[in-house]
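In what follows, structures are represented as structure tokens.
Shared between the two complexes below is chain A, which has chain B as its partner in the first and chain C in the second.
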Partner chain A sequence: MPVRGLRFKASRLGRLNLTPNARIGVVLFLLPVAIAIFGPFFAPYAPDEIIGNAFAAPSQHHLLGLDFVGRDVLSRFLWGGRTAIFIALIGTALGYTLGVVIGLLSAHRRGWVDELFGRLTDLVLAFPALILALLLLAAFGTSIEVVVIAIVVTTAPGATRISRAAALEIVDLPYVEAAKARGERTAFITMREILPNIRRPLLVDYGLRLTAAILLVAGLSFLGLGLKAPAADWGLMIGENRVALTVQPWPVLVPTIAIACLTIGINLVLDGYRRGGVAGVLEDSAETVRVV
Partner chain B sequence: MIRLVGVRIAAGIATLLAASIIIFAVMQILPGDAATALLQQQASNKKVLAELRHQYGLDRPAPVRYLKWIDGAVHGNFGLAPGSELPVTSLLRTPLKNSTILLAITLLLMFPFALVIGVASALRRQSWIDGGIQTVVLVLASLPSFAVGIALIVLFAFTWRLLPAVSFTLSARSLVLPVATLVLGWVPLTARMVRAGVVDVLDSDYVQMARLKGISEAKVIRRHVLPNALVPSIQAFALTAASMPAGIVIVEFLYSFQGVGNALVEAVANRDTATVEAITLILVVVYVLANLLSDVATVLLTPRLRTQAAR
Partner chain C sequence: MSSRSDGLQVENLRVDVAGAGFDVVADVGFSVAPGTALGIVGESGSGKTTVAMALLGFARPGTTIVSGSVCIGGVDILALDESKLRSTRGRLVSYVPQNPSRALSPGMRVGRQIQEMADEHLSRSAAKDDSAALAALTAAQLPPDRETARRYPHQLSGGQQQRVAIAMALVCEPKLIVMDEPTTGLDVLTQKRLLGVIDGLRGRRDTCIVYISHDLGVVRELVDHVAVMYGGRIMEHAPVAELFRSPRHPYTRRLLEAIPRVNRPAGRLRGIAGYPVEPRNRPPGCPFTSRCEYRVERCGHEMPPGFGDGDHVTRCWRVSELPSLDAVSALLGGGTMLEIPSRADSEPLLRVDELVAGYRTRGRLARKRGTKVAVDRVSFALQPGQCLAVVGESGSGKTTLARCIAGLHDPFSGTIEYHGETLPGLSRRRPAAMRRRIQIVFQDPDSSLNPSMTVGAIIRRPLVQFFDLERSEQSRRVGELLERVHLSSSMASRLPRDLSGGEKQRVAIARAIAAEPELLVCDEITSALDVAVQASILELLEELRVSTAMSMLFVTHDLAVVRTIADSVLVMREGAVRELAQRETLFTAPRDEYTKLLLAAAPDLHDGDYPRWGLDESRELVSTGA
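What follows is the complex of A and B.
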């Protein structure tokens, strides 16, 4: 039998009936994502084009007014979702893969491997995520690469813990034993027996980490330590325009609302999954990640 | 029991030591050091650089510097801040005081709120009250704290003009919005965990047993549910308290509150190594201590763990 690997079939995950809250969550989540993907095609101006006075009020030509150096707020908003979302996606994808590999390895090998990675995980988790990110930024300088590394480093330990715990629950079950007795290779057992059976708790947990990462990127950019001017990024827009909240609230409010929709949306969907009882080891956990 | 508590404390100290090594090591990786950073503006001169290195003790091997740093840190001495000749400790005195005040008020206000909301929600579980509370709590818990803060500023500082938008100087009025932002952001997390803890107890066999014996529901809750919900609640509080030091960074920055969070952001932007090391170490100590307290409280308050350890 060939190793066909993981199949995240939408139908399998969508089979359970979404609660009303979760439905709202899906819409809230998809809205900013759609803006991030398609927004730039509708932007009336270039995101870094200075076209008027700083903090000009909304007008016919500039629906959301201008920002602190006189750039079109609407255009910057339409461009600014890409970095806000995709840096978090890339970082969590890398970090989560790393974490799951380590977690499954720990569950498989146990012994000193498990012990070593367990200690390492505890150690990284001794730092609050934002503090660890700030430490890395202070050491390596502020750049997108360092932000991605910070996300990887803060995502991996959680992924390690949850995948290890989920895998340990099933490694001694008869169907895994049967696969071993058939003489299947470890890679095969991992891909065909273990991963498919722990995918739901992992997916829910991944959602939590993704929220945390989106908030981390937004928070760092807000502090002026993530993306650098003149980039168009939601977090950065909030940070650099907040001094004029009274005069020109739109460059602060619109990206804030977009980020809020994103994180509220993900959490509403995850909450639906957890209540739907498909989250396995995560079912009873009330943990919500707050990093910023 | 003493042994179990001792083991936890030892593990906490080991974690702190390892974390301090990481903080120190990461800050050493940076290309160049405080001396080159300082000289960047001036025309760099090899001889001046070497002198400056010697002055800051940067010419000695890393382990020696680490031991000197950690020895100083234990005695409250974090070295000199590059750029000024002032010790980091004296520069951090006021921010530390301000942040401590902010945190203390927030924590004091937060606990009763979280407890009432969590317990009420759990006792009315499956009702519209619980549903409503859970949705509001989830939405608030998902929001970044700067979003909560910006909403509060727009409402209370600009629309109704009741409170200052900037908390540059410390006063009762300037504390209101930062405290409110932290409370609104962190109460939901605690309340969710408290609710989960109470729900666990409500579903337990001994509560079922008490009900089957015919004890009135009010008495069951008073005698069996609430005392047993104490441990998970305390854990929830400790976990929340642990995540607060990171939370104050964003909130302090938003309100220009002169605390350690703001000082940390400034130090990272300026690559002020000594200050970054000092503040991250302080925040990690707070974080680890809060987690340790939660562990120890659990051991002390859970009779099962007490007797297990005694054996």
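What follows is the complex of A and C.
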């Protein structure tokens, strides 16, 4: 029974048609993720251990040299992906779930529910994400929790908008009407009748929001507002070591490349998925041609 | 008289599914003399649109034209290359699409769109002024003035849009006009007007017309010859009157039997059992074999050649042995409709009283807010076991009425009483028992079923909702319900996208009857389907009505369908009831002018046409007071 349910869910995501670009995307995406997960096991030093002179050039023992207080860059890099990716994932997942629930409710119920959340969404979207995050951090202090909340707050309104718009195209279709006429509950109508049929645009959108969240976390760390100073974090590394970019570029360059790979990778995969959607449609029409 | 180079000659046309090694259409050949029209008729999936596309030198994505020739005015357009084809298309052949609202550019004035065709294809001098465009407008029976030319498509009605599309097809005076179901989706009155326009094009300017349709009834008045297609082959080709009077091919006969008749008391419609054959698993012989009641061993193995004289050709091995038409007609007419006893004295199941419903128009400005009334003080009563048809053009409020009864639309005022009990407006305020008793089936089969649920899950839902059943019992009932709508119970695991339109509509019906309703509301449920599929769905409804004694509210724009299924008829126009009468009274002695207009507009076959149901076999009029 659980196995059956699982298989059912997997088939709902549709087939991932991997275009060549999407293949590159998968590699680009998995590389930094693998580093973030498994990196710490291979780190030669502790990330906060001071072992030499500041900005020492790469050597046999320190492949990427040392940073601004003399810590091993490679070790910090291997340790530094975890938190940012984890925070971005948790934040966007929470924010997206919240946003989609509100969006589906708005589309299904309309009336004052729609009106209220619509205006609220407008209000939040009026602020740029970074400004909003800075505002929250200024008000509640810098901590991981607040960063997560900042991501939730910046992700949810967009998710509300897109899920509402996608759902509005479906709520008046006869199969949803049939469910209403049967007297199905709101939860069933939104989760079973509507959500599965807008999964494709939502998934693509979710990926974009994840990218934005990763960049936001990195940006906040860069500004010194995300993770606290001794912690190893890619964004933080870029900020801490940027003064010596010309002398010892590695502590800035390597995390930058990793973040770039991550975001570009996600985008390529999503693009492939979106096109996969188009290919799916083409497949369907080929099917009809065959039937004809 | 007409030389070899005039008109249209199609020879040995074959279109394949690219790379798959089997054909979509094959062996297709016909010719159309200048000034005449040919109708190509068949169910969806018969290959008629593929042939229409090939006449334009075009193959749909995934298909390729493998062999054959299409000569228009002596030019074989299949032999032309892409650029040559483009430059000759407008002057040799033009196309009138099924859905004009999608074929016209929404942001361009219609005059400009017609002129664009002329600029593209006519010589500079001819295209310089707008005389060609104005002439085309006249021919399409639109007022040839600037007023019309300056309109945008959205400012025109569906019928007018289609006439603009016809004007575009006419402007370059092509030798061939291909029309792909141009009246599908239009209501009867608009269709009647448009058919008049098309009829006026016949015999002019050495133009020949190929008219594609699934409905033999529609082409009756329009064409000189008919080619009946099935499974990608032409099964029968004959002059129109001849084909309707004495159809030879079993398939043609079945198609004719499926046409509901306005001017005849109800004979029972006969759908065609089984499903259209797919190119993939078509037998080497006659494609109709599996559905044919006269098949013999040979049919499945060997495709019959064309039998018959020059004009009337039939591809059937048994053409000379088939039973006489009169014998078959008698068999059909005698059975007629199943009588469902009406209990006139019993209290009505449903009583609608002074119902007013419509939409609130929303606007930020107070003066823009208001109401638009779609249903205006409608009252009627429906007796248990009866079928009431609600008839009207689009915009008559018939669908809004149906939605009110199903609890999907909150009326402004008036009452709906069910068994003497007043029903709340919206379904969620109705008690569950009430919701169970009234079920609705929708018009569009494609959007009636949730695309991400299996057929089984879809039908199971009302069982979960309304009955307290074990899971295994639910599954058993799902299988049973599928079989009741004549689908295989193995279909439960399929997704809606694997189903044809008719199959989807059957699943939607199964979902509705799963709740064991007392009243089934059918909102134009056959209007998106082919005639043959429509007949089989109507047959199914009739059968279900007999076996379950449920009442029906049948919303439709097609009066012919009404005559085959309804006990009484409610005619609506602009929200108001124009006439409410027993079926035969309405058809034989309509009182309202508008009803008469609708009756006159409905396309019908001629008296001598097959099947010849005699008037003496008509059933006695049901006389009950509503």
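Everything that follows uses one rule, which is that the second predicted complex is superposed on the first by the 255 of 292 C-alpha atoms of A that agree within 3 Å, B and C clash if a C-alpha of one lies under 4 Å from a C-alpha of the other, contacts with A are read in each partner's own complex, and residues count from 1 in each chain.
The definition used in the following text is that a residue touches a chain if its C-beta (ideal position, glycine included) is under 8 Å from a C-beta of that chain, and two chains touch if they have at least 3 such contacts.
Predicted, not measured: the structure shown is a model, and the values here were computed from it.
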Figure out whether A:247 sits in contact with chain B (first) or chain C (second), or with both, or with neither. neither
State whether chain B or chain C is in contact with more residues of chain A in the superposed arrangement. B
Please work out whether A:126 is in contact with chain B alone, chain C alone, both, or neither, and reply first, second, both or neither. first
In the superposed arrangement, which partner chain does A:57 touch: chain B (first), chain C (second), both, or neither? neither
Look at A:178 in the shared chain and tell me whether it touches chain B only, chain C only, both, or neither; answer first, second, both or neither. second
Which partner does A:139 reach: the first (chain B), the second (chain C), both, or neither? first
Which partner does A:192 contact after superposing on A: first (chain B), second (chain C), both, neither? second
After superposition on the shared chain, which partner residues are touched by A:37: those of chain B (first), chain C (second), both, or neither? neither
Under the contact rule defined above, give the chain A residues that sit at the interface with chain B and also at the interface with chain C. 284-286, 290-292
Once bound in the complex, which stretches of chain C touch chain A? 17, 20, 24, 44-45, 47, 49-50, 60-63, 278-280, 406-408, 427-428, 430, 432, 435, 438-440, 442-444, 447-453, 461-462, 465-466, 497, 500, 508, 511, 515
As the complex stands, chain A meets chain C at residues 12, 173-175, 177-184, 192-193, 196-197, 282, 284-286, 289-292
Where on chain A is chain B touching in the complex? 21, 122-123, 126-131, 134-142, 211, 215, 218-219, 222-225, 238, 242, 245-246, 249, 252-253, 256-257, 259-260, 263-264, 266-268, 271, 284-288, 290-292
List of chain B residues in touch with chain A within their complex: 15-16, 18-19, 22-23, 26-27, 29-30, 135, 138-139, 141-147, 150, 153-154, 158, 165, 185-186, 188-189, 192-193, 195-196, 200, 242-243, 245-247, 249-250, 253-254, 264-265, 267-269, 271, 273, 276, 280, 283-284, 287-288
